[in-house]
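In this document, chain identifiers A, B and C correspond to the written order of the chains, with residue numbering beginning at 1 in each.
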Amino acid sequence: MIFKTFNPLEDKTLRIIDNDGKIINKELFPDLDNETVIKAYKSMLYARTADEMAISYQRQGRMYTYPPNMGQEAIHIASGLIMRENDWLVPAFRELGAMLAKGVSMKEIFIYYMGNEQGSNFKQANHVLPICVPIGSQFLHATGIGYSINYQKKDEVVFSFIGDGGTSEGDFSEALNFAGVWKVPVIYIIQNNQYAISVPVQNQTKSINLAVKAVAFGLPGIKVDGNDFFAMYVACKEAFEHARAGEGAVLIEALTYRKGAHTTSDDPTKYRTKEEEQEWDKTDPLIRMKRYIDNEGIWNEDEEKLIENYKQEIDKQFTEAENITPYQLEDVFEYMYDEMPDILRKQKAEYKQFQSWKEKRI
Amino acid sequence: MRYIFNFPDIGEGLEEGIILEWYVTKGQTIKAGQALVNMETDKVVTDIPSPKNGMIIEIFGNIGETIHVGSPLVEIETEESVVVKTEIAEKEVLEEGAAVMGTMELSGNNAALPSSDEGSLKIRPEAALATKALATPLARAMARELKIDINNIAGTGPSGRVTKEDIQNYNIPSQSNKIVERNESILQEGLTDLTTFEPLSQIRKAIAKNMLNSKQNTAHMTLFEEVEISELMRIREKFKQKSTDRDIKLTYLPFIVKATVQALKQYRSLNSQMDLEHDRMIYKNRYNIAIAVDTPEGLVVPVIRDADKLSIWQIALAIKELSDKARNRKLTLDDMKEGTFTLTNYGSIGGIFATPVINYPQAGILGIGRIIKKPVIKEDMIIVGNVLPLSLSVDHRIVDGGDASRFINLIVEYLSDPVLLIME
Amino acid sequence: MSVMTIVQAINNALDIKLGEDKTIVVYGEDAGKEGGVFRVTEGLQRKYGVERVFDSPLAESAIVGTGLGMALSGLRPIVELQFDGFTYPAFNQIISNVSRMHNRSRGMYKVPLVIRFPYGGGINALEHHSESPEALYAHIPGIKVVIPSTPHDAKGLLISAIESNDPVIFMEPKRIYRAIKQEVSEEKFSIPIGKAKVLTEGTNVTVVAFGAMIRECQKAIAMANQAGISVELIDLRTIYPIDKETIAESIKKTGRIIIVAEAPESFGVGAELMAIANEEAFLYLEAPPKRVMGFDTIVPMAKGEPFYLITPERIFYEIERTVKF
């Protein structure tokens, strides 16, 4: 229904609260109890804290290059709130909050960014794919999973993410096209954070917006204020219902801003201005939600103390990540095949011979 | 625990940064993650956070100063008692380098390579080819199995190749070859009625190495002397009971050690080492006398340290202790090191004179033979004497004949009249 | 003469060619305004304008496909793919069209296209940023594959690639992008494609390598020299077409060959050179040719990479084994 009201061809945007946290669309305001709203805010706060700490760890030289999520938390938490245990998360690489909502631990995230694939072997989280480095390719995977769900008549929905840059990849179009033909229960979410490394979205496509690309493939599309938790929730909820009812896939364009750099090795001052960053800061999802909560007067916990607790807990997980069993030679070979071929076995043995030689010789 | 936090390589390929602003002061309590300082680098202006909780003890660097990656930023007194690793892996120092992904290595202050040019090196195979045989891997394997150097065989095949026939023909030996081959083949076939094989023990290998090394690196020269030791024997007999009371077995060896040490003090070239690498002599200020001990596994040479500071009885005790340890294979590395001069006593086994091998890199070794009753001349009269034979090998590079003679004569003097030893 | 890193040498080559030939354009993701994530194209947009040096949308297949179109219609495009592991979306364009157009049109259409990308491991990166796919491309008939190991060679080889009327894949060893500085002439010069270079003369064994591995081989050779082994080091510089002659001459002299490369061992440059050793110098071989390469595994992430990357110790180990055969 909202897909018709907020027609991307008319460049409409779904927004429910403004920058001051005031409700501007009472009709569509979701039916969430205060407890859930506060829990969502806390999740966003946790994700933001974890992100800042990750950047700090990288700066301390304890972790490698990391892509910050700052500014995009509402998208992650809103969709995360809707995802059930058996629903699928097919991420790109900037969806920390959603991964946490699905049960991935910060420890696992840290292990990954410390340079160990072990971090992608999620111990608790069900139906979450590892982060996907080849841009945009994950959408095709999401489409395939969607087909499988239909085929097996399961009650599952796929949430997949991509960036504004990823929409230029051929795989994006191919995935949506197949999604239309196969009528898969997949929610494709574009996190339009305005930049693909240094290239602004205006130079990525001349389309009036990204949501409109759904039309080419016969799919409903909607543009949403991605920094508005409530709007994201509503959009994801309707898309979820749509998919679950067997109506097929939806494309959501979530407008947001990449507050940080592309990665900790990127320098945004080379291609954007402080003024622009400050303009977008006014739309920060955490600030807006906090304002809403304050306006409603529904929460009086000590936020400072909460953040302190989060920091301690996250630091504990980081320390655990630093102390896992070190990478073994076996780990290089073990996971290549279900059944290790002889040639690999031989290569590993030859390397072990070199290791013993080295111990004595060097 | 005190912890120095160095300016980390934060993966942006930084080599250095300029301090713009300090957020903390000496004595301030800080938390992990708290920003310590604002640094300007080639790429970004960034805060550097503390990796630990604690108190700032020291701050390194003033505003405007350049700090290199790896140099100290602050010293923190932490609450921990355990060292926590804060770096992930050893990486070379990184300078600035944009990458968006990964840690880049930068060339730093290393000198630049000189300019390249093309084609200044030619392959030049001619020299090598002149001495090398052409052959298939099969032919080479054949030659190898027969233990023939294929390069010695003239090739009659295509392209001058050494063929199988060439190798087989080469294998018809001349007479001398036959004998050599037969001997070698005996060794190789291990016929048990002619030979038995035993692998070399570590000790044997070490002894072999040391002996060869000593002979190859020094100029061995041996002097022989005889000492009439009736007086020494009398003294020993006199103190035998008192020694036994103290659980000490008194032999002649402690006296010989004492005499040697006194002589070394006067002729320091015998207690030295030649250091050709640095063009210098190394004179030892201590008198660590090594005593060769025969064990079932072979010869070991433990050391009596600072023998000049020990009494006869103490030396006797040290000798016993080391011999026991040697026979029980309980000698430690400490027992074996830093010897400055060696004594070897084969007299108890039965030899008279010998040409002992120097314990390289020492300058000399004194061999002690067995005491024989011999006719000697004393005050123009023939009497029965107790003669102890001495064999002194010296490194003639270091010790001239004159000094060697004077040294051994002094020992003879001490052993002839042992009371001289307490006079010194 | 000027002291340059590989990044600067490549930038210099592009600058010189952009300056003298108006048909040349340079583009890729982040290659325009930002000057490339490794800053290889830094300053070029400012100097030559946004029509000649520009950012493209995020689509590797499109980058190469449009590059082909430009090359067929009067331009000489130099396209940049951001990382080795991201060239694969363009693989279809490369193997199905770029490499075939000349043959398909019986020479009517030439393809003066250069495809540049950083390759190789050793930078603690995520997956897809440490690959060494030279064998995949070298196996495609119709294209050339070039890999420099020094700033001087990077400049000279790139200029040759740009001036060639054949499509060239120009792979840049990112690990040593800034790790080596060298005196390089600021003048224009070119180094012929298809010619290997003997870096060090030796008599006991030939070591063949390229890219970032040259430096590791040089360290290994220092160890070998200490052990009394004389090593001849050859920098391949061009993977396809490979310089068989230089390699063969060297094997005839030393009788032994070791190939060092990062890529997975099976079906790679090592196998190719071993075949050449057999074909061209069979009778001169005194030991089996040996390839020292990566495992047939995905390049591990940072914590596992030390097992995978070829180190000087490992090269020395194989040199010793080969010489003792």
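Just so it is clear, contacts are C-beta pairs under 8 Å (C-beta built on N, C-alpha and C of every residue); 3 or more make two chains touch, one makes a residue touch a chain.
None of the values given here were measured: they were computed from a predicted structure.
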| item | value |
| --- | --- |
| Chain of greatest Cα-centre distance to chain C | B |
| Selected pair, greater C-beta contact count between B-C and A-B | B-C |
| Whole-Å gap separating chain A and chain C, where each centre is the average of the chain's CA atoms | 36 |
| Averaged-CA centre spacing for the pair chain B and chain A, given as whole angstrom | 62 |
| Distance between the centres, which are taken as Cα means, of chain C and chain B, whole angstrom | 47 |
| Per-residue overlap in chain A, given as positions that touch at least 2 other chains | 64-65, 114-115, 197, 266 |
| Multi-chain contact sites of chain B, meaning residues that touch two or more partners | 11, 88, 98-103 |
| Sequence positions of chain C contacting 2 or more other chains | 30, 37, 124-126, 129, 302-303 |
| Interface residues, chain A side, partner chain B - complex | 53, 56, 58-65, 114-115, 197, 262-267, 269, 311, 315, 322 |
| Sites on chain C touched by chain A in the complex | 29-30, 33-34, 37, 55, 57-62, 85-86, 88-89, 124-129, 265-266, 295-298, 300-305, 307-308, 313-314, 317 |
| Complex contact set, residues of chain B against chain A | 8-12, 32-33, 43-44, 46-49, 51, 85-88, 98-103 |
| Chain B partner contacts - residues on chain C that touch it in the complex | 1, 3, 5, 30, 37-39, 83, 122-126, 129-130, 150-153, 174-185, 191, 197-201, 203, 246, 249-250, 252-255, 282-286, 288, 302-303, 306 |
| Chain B residues touching chain C - in the complex, by the definition given at the top | 11, 13, 88-89, 91-92, 95, 97-107, 110-116, 118, 121-125, 128-129, 132, 134-137, 140, 159, 161 |
